[in-house]
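Please find the structures below.
There are two complexes below, and they share chain A, which is joined by chain B in the first and by chain C in the second.
Now for the complex of A and B:
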């Protein structure tokens, strides 16, 4: 188990190197090249161009440029934002925390509602409720997440005025945890919809298979109450499937938060990427993409290890 | 006893059986009908609406839906929303289909090499693995943002990020076939590698790609709309569905239909693709078909 975990963890090193290469290349495909990308308006100033060329070795070969860039990035130096005129690293880490909070909130929705919906639709298989729920999950999974987000804003924030649509500023703001949670309810739900639908569908089909197994029949024959048959006997055997699919969704929820952050003005990495695109602040965009991808890789690794710890059969498979 | 009872039923071709299975899937047929109508509507847009999608009527600003003359209402510049939706379909379909076609070609080439050759294939597949490590939508957005906005960039960046997924589908098929008896036979017959790949493996890889591409086409419509929403797609005043949703955001409280209507268009097209994809997947997979 431990050796497998170590092997699996070591495998992310080449992946991360590859990710850094792709992110590095982003500045080089900007029309005008990295100098224009890094300096923005200041690229017309020869002194600034000379300074940045010297600092980043832009007159040297590509491998050398990559090496210099990587050393800077590993040391936490991601360059200076052309839009906000501060080191990018000071922008990134508070935003990362906000995006992780949003991811965690979405995960709670996706798991709780996904499991409940999956079990309930399996129990009432082919009923009107089942058909309606499956249609709704399919529509939810077929719709743009930013559109769903806007519908939620219109309904719950503008019409009913139950929840705030915008205005989340900081985790450690004056309102405290309760204020953050209030701002989290809508965006986390919007972000969770696709994963919720995926989990519900997988759990439903697993439950349908599990409910007709001999051990459930045996439980029924022994006169156990229905909830015990369903939860203890059927659901227990759906868990591996549920955990596998949930693990896959964690990374998806983290990586997909961009649109939801834009709609709800959630001050995370996705919103930072959006505003840096609008401002043509390529340095900030590059760093944010690098951080999101690196965390994405690590989150997927953690989910994978958690799944294996819960279901050791996987290691030998 | 008539002869026809004794004679075994004529075996129907696999293609006919698949067609039959697809025709029995009511939702898939409905999806196909909706899609055909949508494509026709896009092609015939100038005949279906008297309005120009980019020029507004200053006397008809923010007319709500179901008003006489403006079935879906107008936007803050007095442009007819129905006209913008119809002409917008002319952007939405190519934006979803072209990247998938391009990625299918690239994915077939890379996947065949990746799945068939052991040494070069390993390198190709490892390189593609890196692209899986970056969230797909984020990578595409970053590429489009770096290259500069516009339709060609969106198509290119979508094609780049879809290619690894299609290559993986092809590589899996090719790797499974690598040691199949009929490939061994072809080898014994002295056929060269490239001939085995394009005569024996390619015919098996293409259906897999078609199914994968169709089942994901709905997601591609949504994906493409995302670029428009972020302002990276076709530039104003082009009637891009995603950009229309973003424009409507500003007047969500006073004119909610501006964002709602293009969203419905996206959902209808994407749902239609999803049902067709499901139907096709079941129809082409005899194992799934028998469960019907």
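Now for the complex of A and C:
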């Protein structure tokens, strides 16, 4: 198990190197380049262009540029934002925290509602409720998160005016935790829908299998109440499946959060990437993409290891 | 073969402990409706041991499970039936009442005891759960009684077994643990559905003697379901033979085994008794019926060596002696000829 974990962890190094190469290349692939973006109208002056190019180190060879950038990035120095004129790292890490909060909120929705829906549909198998819920999960799992987000904004923020759609500024703002939670409800729900649907479907099919096991009938014959038959006996044997599928959803929710942030103005990494693209702030964008990719890879590794810890047979599979 | 064990209470004239009247259970299936149990009536007296015999698909298991309305509906469809336990009618939708009867009134043990325990929990924990829910007593308070009862059920090291998972014990041990669990709830009736079928020969004998001892020492009523005549013969006071969802013969064990009246029972006895005498084994000809498309008339007709014109109508269960009944047109013909 440990040696497998080490092997699996070592395997993410090439992935991360690949990610860094692609991210680095972004800067040189996009039309216009950073110099024009920084200088704007002044880009017609060749002297200014030469000065900025030297300042950014763009006059050196590509491998040299990559090496310098990577060394600094590993040390937490991602350069200075061309838009906000502050070190990118001071922008990045608070945003990362915001994105992780949104991811965690989405996970809570996906797990709680997914489990509840999966268990309930299994109990009322083939009923109207079951059919309707399965249809909705199919639609939910197929819909893009930003579209669902827009629908939610329209319904709950604009028509009903129950919840705010925008206005989340900082985790340590004046409203405190309650204010953050209020702002979290809609975006986290929008982001959770696909994972919620996936978890509900997996739990439902596992429950259907587990509910007809002899030990559940025996529990009934021994006079145990229905909820014990369902939760203590059936669901206990669905738990490994549920944990596995949930682990796989974490990375997915993190990625989805980036899109949802743009719709809800959630000040996280996704919104940062979006606004830095708009402002042609390549340095910030590059750093944000690198961090997002790294977190994604690490989260998936963690989910994978957790699943293996639960089922040692996976090691040899 | 060990000598037959007979209960001290051979027949009880008073009101039965459990009475099933005209039970009909069907199941929907892709090939048509399966007629699992058709108009079955069974009564079990206090202290009585009733053996129910039939091949797979005869409805014996469904009939037994229905004694406490145990099978979930759907898929089971209960078309008719009235069940009384200790003089009180069991209402099918009254979960609160049924929960009290299940376990503490009517205990049940299953064919595969290991599968009747949850693979995720230790045996001790599963026993505690049942006792806590039923008797409201803590595990610590129950421990001496648990150990004592397991020992009574021939479990040599009760404490060790309580700490094991179901897959860590043999089928025979699991079955004896499940019997112990049923006993701890102090039921009036124990239903044993093929309790020895999944076991090796030694475990079979052990479990069977345990059941016989129980019946003799505790005054417990017992319903023993089996396809094995030898098992039923050893401990049953009264025997019910089922075929294709119906009771085809019923009577005192002595009468059934000495003078079976239904051709199916005769065939079963012939196939059981001839074993080991070197001659070709006798078996009931043909295959068990398809419960989704039963022939009209007597269900046994296609396999019956004595079938005649009258068998295209379903015979009624008719007296074949003082306490003996059979469902066969041959009975009428016998009285007509007499």
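Please note the rule applied: the second predicted complex is superposed on the first by the 268 of 317 C-alpha atoms of A that agree within 3 Å, B and C clash if a C-alpha of one lies under 4 Å from a C-alpha of the other, contacts with A are read in each partner's own complex, and residues count from 1 in each chain.
Going forward, a residue touches a chain if its C-beta (ideal position, glycine included) is under 8 Å from a C-beta of that chain, and two chains touch if they have at least 3 such contacts.
Fair warning: this is a prediction, and the values are worked out from it, not measured in the lab.
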Next on the checklist: Given the alignment on chain A, is it a clash or a fit between chain B and chain C?
Outcome noted: fit
Next on the checklist: According to the stated criteria, A:277 is in contact with first (chain B), second (chain C), both, or neither; which is it?
Outcome noted: first
Next on the checklist: Contact-wise, after the overlay, does A:46 reach chain B, chain C, both or neither (first, second, both, neither)?
Outcome noted: neither
Item to check | Partner touching more residues of chain A, whether chain B or chain C | outcome: B
Item to check | Which superposed partner A:29 touches (first chain B, second chain C, both, neither) | outcome: first
Checklist entry - Taking C-alpha centres, what angle do chain B and chain C open up at chain A, rounded to the nearest 10 degrees? => result 80
Checklist entry - With the two structures laid over each other on chain A, which partner does A:63 touch: chain B (first), chain C (second), both, or neither? => result neither
Checklist entry - In the superposed arrangement, which partner chain does A:223 touch: chain B (first), chain C (second), both, or neither? => result second
Item to check | Which superposed partner A:75 touches (first chain B, second chain C, both, neither) | outcome: neither
Checklist outcome for this item: After fitting on chain A, the minimum C-alpha spacing between chain B and chain C in angstrom comes out at 10
Checklist outcome for this item: So, in the complex, the side of chain C touching chain A is made of residues 65, 68, 70, 95, 99-104, 108, 110, 112, 115-121, 129-130, 133-134, 178, 181-182, 185
Checklist outcome for this item: Contacts from chain A onto chain B in the complex sit at residues 14-16, 18-19, 21-22, 26-27, 29-31, 37, 138-139, 141-144, 146-147, 150-151, 153-154, 158, 251-252, 254-256, 258-259, 262-263, 273-274, 277-278, 282, 285-286, 289, 292-293, 296-297
Item to check | Complex interface listing, chain B residues touching chain A | outcome: 126-127, 129-131, 133-139, 141-143, 145-148, 218, 222, 225-226, 229-232, 242, 245-246, 248-249, 252-253, 256, 259-260, 263, 266-267, 270-271, 274
Checklist entry - What does chain A use to touch chain C in their complex? => result 213-215, 217-226, 228, 232-233, 236-237
